[in-house]
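One chain, chain A, links the two complexes that follow: it is found with chain B in the first and with chain C in the second.
Our next item is the complex of A and B:
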């Protein structure tokens, strides 16, 4: 019974990926490439060898955090579309504090910087959260606006007062940060990946076993019932928005610490919307977020090899991602497929 | 005096994409569909307009292409929202991402560059015969691109249709309760489809103004969040097309100020924040009646 339920849960995301791939191959054909070659090189680039698998795992660390961040907001019925802004703010906080406190030993350094990144991201999201709760300002628009403001702020900081020497707009490199070491020699599975996995576990437990987590889900499922049940809506919503932003902030911090070693302008692009896609595809469950982050990480690494070996522009992947979001958003589409296939069997 | 006139004229010019998009969003919102895909519709419109002008050598054919392609693209969104009852916010974001990716890929395929397309024919400025000789009015009313005059017509027309004609009542009723509309023997889904397509076409015209009137090529990320700003505008305007236009002009003013202040020693990044900050402020004061109808899914 349990297996059946899990299969039922999996069927919507899997079918929607399938539909998206079918629609995507039409786009690929129209653009004058061969879908077979595109998909096979995508797959090979993402999971084809040990090295590419490692690359995928490396890429999916910030994605896991972004997915969890989006999930945290979705669970209580808030659309936090401004993840990218929170990622950016978190990254800014991480690099600025990181550069100031280089004297600390590595684990402490990472910890302190991550806390600052989390606080910055959380506070940034709280702006939109407070606007929603106290002024009923729609969070979809406000978070997007905060995105643009954060991006402009970062551009100002790292092409102005905090720009590293040279012509590329970026911050100074962080000495200690690149040292987020691999767990074992020769792998690209860094401690960051381990942290991400434990975060997944934490979130799963948080929503299943804590009162606050239950309140958040209740607020998202039916806010009237939740309110009648004595859950304080404003508080719960603000808290989940802060949580969402905080996790996104950590994603930004890790992007600085584990991937780039500094703030590079434009490094955050796409992480916000990917995070949303991951949460939607993962059906708002921690395990689902994990699986779909691996898929999206794979798309990111695979797209590079697709561009390199087949000459197919890597942006094709973003069409694919968009299609996945679109189809996942439409449960009836999937259901209509299932009903049709059942009808044929009988 | 002349500077003030010029600032007003420039604000009007800057406001046109927002005007189209916010009216488009209002029409879709009236029928009960939150057009979160506005950004994507504008992007598609801006690009397909350039394509049309590129292949046919005429900017107005580009505008027509943009309108048609925008309507078709919005139809996809409509099918998902109406037939398959998608979560409108998620589907809208999906449409935006697809639009961005599609335009990137097509830019590489057709123009061989991600950043800029080739130069194409652009819309010429129209001087109105009598008005162009009257001192003050010549700056204020004459010398805009044809799309600006079209916007004025669209605003008035949509106001008349929405508030003064039976079709408009049906449209508004659909947004309030589509089951009632169905029970009266009208097809609410048809009304929704039409309004979403009109929304796509109009916002594509807004996009094409950016690429064929302000410039004469498509450049990457040229829509720059205007679709989302337009969402905030029609909320603030309470979906009234005339108010949409006026508020868009205010936003045009912020963009003009931003351009004019570039002479001052303020970092450009802070200046480019101005429209977004204004949107945030406006959201704070906006009416409380805008709720995205949430489906229980997600």
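Our next item is the complex of A and C:
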């Protein structure tokens, strides 16, 4: 029974990936490449060897966080388009606190900086949340605007007052001893990946077993019924927005701590939007976000080897990602596809 | 004798579901034929098939002695068969005349001939005593008048056979009586009428021939003279209806106290106007009224959803001003809102999630502040069993349950915490007789357990069946209240329409 249900849940994302790949083949053909070669080198580059798997896991850390962040908002029926900005604000907070408190030992340093990153992202998102709740501002519009503010703020900070010496607009680097290093020598799996996995677990438990999580799901399904069931909508919406932004903030922080070691202008570009795509593809479940993050991480690593060995531009992967999202966000398309195939069987 | 319309072994299948199976049905010229059945019995499907909206999967339709195959309503209309649907198909911005003649407009020099249109409509209106002014805009008409416009429209375009789908569902008793007079006149002028309904006393009043559908199968045909409401009920449901006895218990302390309650809507209109009432434990207080007279707001004010009211409002002895819905629910109240889709259910979530709603703060579904799915499972089993919910599938999203089962889930969930005050709006709207009985029984049981119940309903049968006392609400004001036995349907209708005692 349970297995059947899980399979049922998986069928829509899997089918949409398949349809997207078919449509993607057409694009690849038109561009003059061989779809077979493209896909096989994509697959090999992403999961073909131990090393490439490592690369995929490394890439998917910020994706997991952004996916969870998008999910936190979606669950209670809010469209947080502001993940990009919240990631940026989180990263800014992380590096600025991190540079100030380098005297702390590593675990404490990461903890304190992450908390600041989370708070910054959460508060940034709550601006839009409060505007929605108290002024009925559409969160889609306000979060997009806040994205621009955050991006320009980062640009100002790291090409102005906090710019490192040199010509590249970036912050000073954290001491190497303050970075999240690989779990064991030679691997690319950093402690950040471990943190991401625990976050997945935490979110799964949160939505299944806590009353607050329950309230958020109820609010997202039917806010009027939720209201009648004693759920305070304003509170719930604000909290979801804060959670969403907070998780996005951690994503930004970990980009600094595990990948770049400093703030580099433009380093987080696209993660927020990928996060929304991941949440949609993952059907708004923690486990789904994990699987889709690995897929998207794989696409990111695979695209490099595809470009390297086959000479196929890595932009094709973005097209593939876009196609997956298009098909996933049209569940009726998949359903009609399934009904038709069932009809043929009869 | 040849029937005007006859279906022979008509079958209609939707996917796996057989909506009509081998249905033999007929109606005669100049007669009123009633098609009776519970919700979901297949009445509307049968009529839609006759009307050409659906194509039959088996059997045939004979009209006027000839087998017909209607590809669409257009073909049916060409044979002068007209159907008035439950939901009116009128354009609010147009006048009555414009609505009626649409599709066959009188034209003068290439332009719409308003005068001629009005004249023709008035002619029909006068002939059958509709009493409708063709120059009025449809948006200014009452529901009953809109329905008359629909019938005039059917007559204008030519109707030998008129099919009315649940025509009285939205009407007050007075409007229903007006409709029946129109039907009688139509009949005496030789028109044939089919009425789809699930109301027994109306069938008994207006019909000549009565057909009963049960689960898509023809359950029988009787002449009006040969039957009575009790026999008809037996034909409609599989089991014998239990005779219902209302027990009057000794009312206890005041559970709900409302005094001079005012509430103004966002648009500035008064929803509740100096409303006062008291409900005691072991008592069912029924509120009668035409919809939109403040019932919705009353429920939402008591349940703490609407703020900004003035007056005095005590739930279970506590003043609720400034209290949240959660606090009010936790003090022992339960609320069943009128629109189950809107305020009752999480349609995308499964039965377990829905059972938890409203109970999520109590230890009925939590242990140590964590959602306890074992407890929810036990709760669901109890609800499934007690209210005979089907399917008994805890993981199925609520949107895939039928209306009756959705309603049973809501009632089950709200009553599960043994509330001491229940405010219930339209508990049996759109559900069939079987479900209706289960729900009524559970409401009476709650009363026996000592709860106070405020019942808001538009269904007279329900109102009289359950209420100990009845109050009539009109434009947010309590017009009159008395013990239930002091009211008759006519008297209620009089007050519901805004009548005052001194005009009586």
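Structural remarks
Basically, the second predicted complex is superposed on the first by the 342 of 346 C-alpha atoms of A that agree within 3 Å, B and C clash if a C-alpha of one lies under 4 Å from a C-alpha of the other, contacts with A are read in each partner's own complex, and residues count from 1 in each chain.
One rule holds in what follows: a residue touches a chain if its C-beta (ideal position, glycine included) is under 8 Å from a C-beta of that chain, and two chains touch if they have at least 3 such contacts.
Every value quoted in this text rests on a predicted model; they were computed, and no experiment measured them.
After superposition onto chain A, the partners chain B and chain C occupy separate space and fit alongside each other. When the two complexes are overlaid on their common chain A, residue A:226 makes contact with chain C while staying clear of chain B. Once chain A of one complex is fitted onto chain A of the other, the partner contacts of A:198 are absent, as it touches neither chain B nor chain C.
Once chain A of one complex is fitted onto chain A of the other, the partner contacts of A:209 are limited to chain C, with no touch recorded for chain B. Touch criterion met: A:81 reaches chain B, while chain C stays clear of it. In the superposition on chain A, A:218 contacts chain C only, with no contact to chain B. In the superposed model, A:148 makes contact with chain B only, not with chain C. In the superposition on chain A, A:269 makes contact with neither chain B nor chain C. For chain A, the partner touching the most residues, choosing from chain B and chain C, is B.
In the superposition on chain A, A:135 makes contact with chain B only, not with chain C. In the superposed three-chain arrangement, the CA centre of chain A forms the vertex of an angle with the CA centres of chain B and chain C, and that angle is 70 degrees when rounded to a multiple of 10.
For the pair chain B and chain C, the least inter-chain C-alpha distance in the overlaid model is 7 Å.
Chain A residues 221 lie at the interface with chain B in one structure and with chain C in the other.
Note for the complex: chain C touches chain A at residues 303, 305, 324-326, 329-330, 335, 337, 342-349, 353, 356-358, 360-361, 366, 369-371, 395. The touching residues of chain B, counted against chain A in their complex, run 36, 80, 83-87, 89-91, 93-102, 104-106, 108-109, 114, 224-225, 228-229, 231-232, 235, 267, 269-270, 272-273, 276-277, 279-280, 283-284, 286, 288, 290, 292, 294, 296-298. Remark: chain A residues 27, 31-32, 74, 77, 79, 81, 131, 135-138, 140-142, 144-149, 152-153, 155-156, 159-160, 221, 273, 276-277, 280, 284, 313, 315-326, 328-333, 336 touch chain B in the complex. Touching chain C in their complex are the following residues of chain A: 1, 5, 208-211, 214-215, 217-218, 221-222, 224-232.
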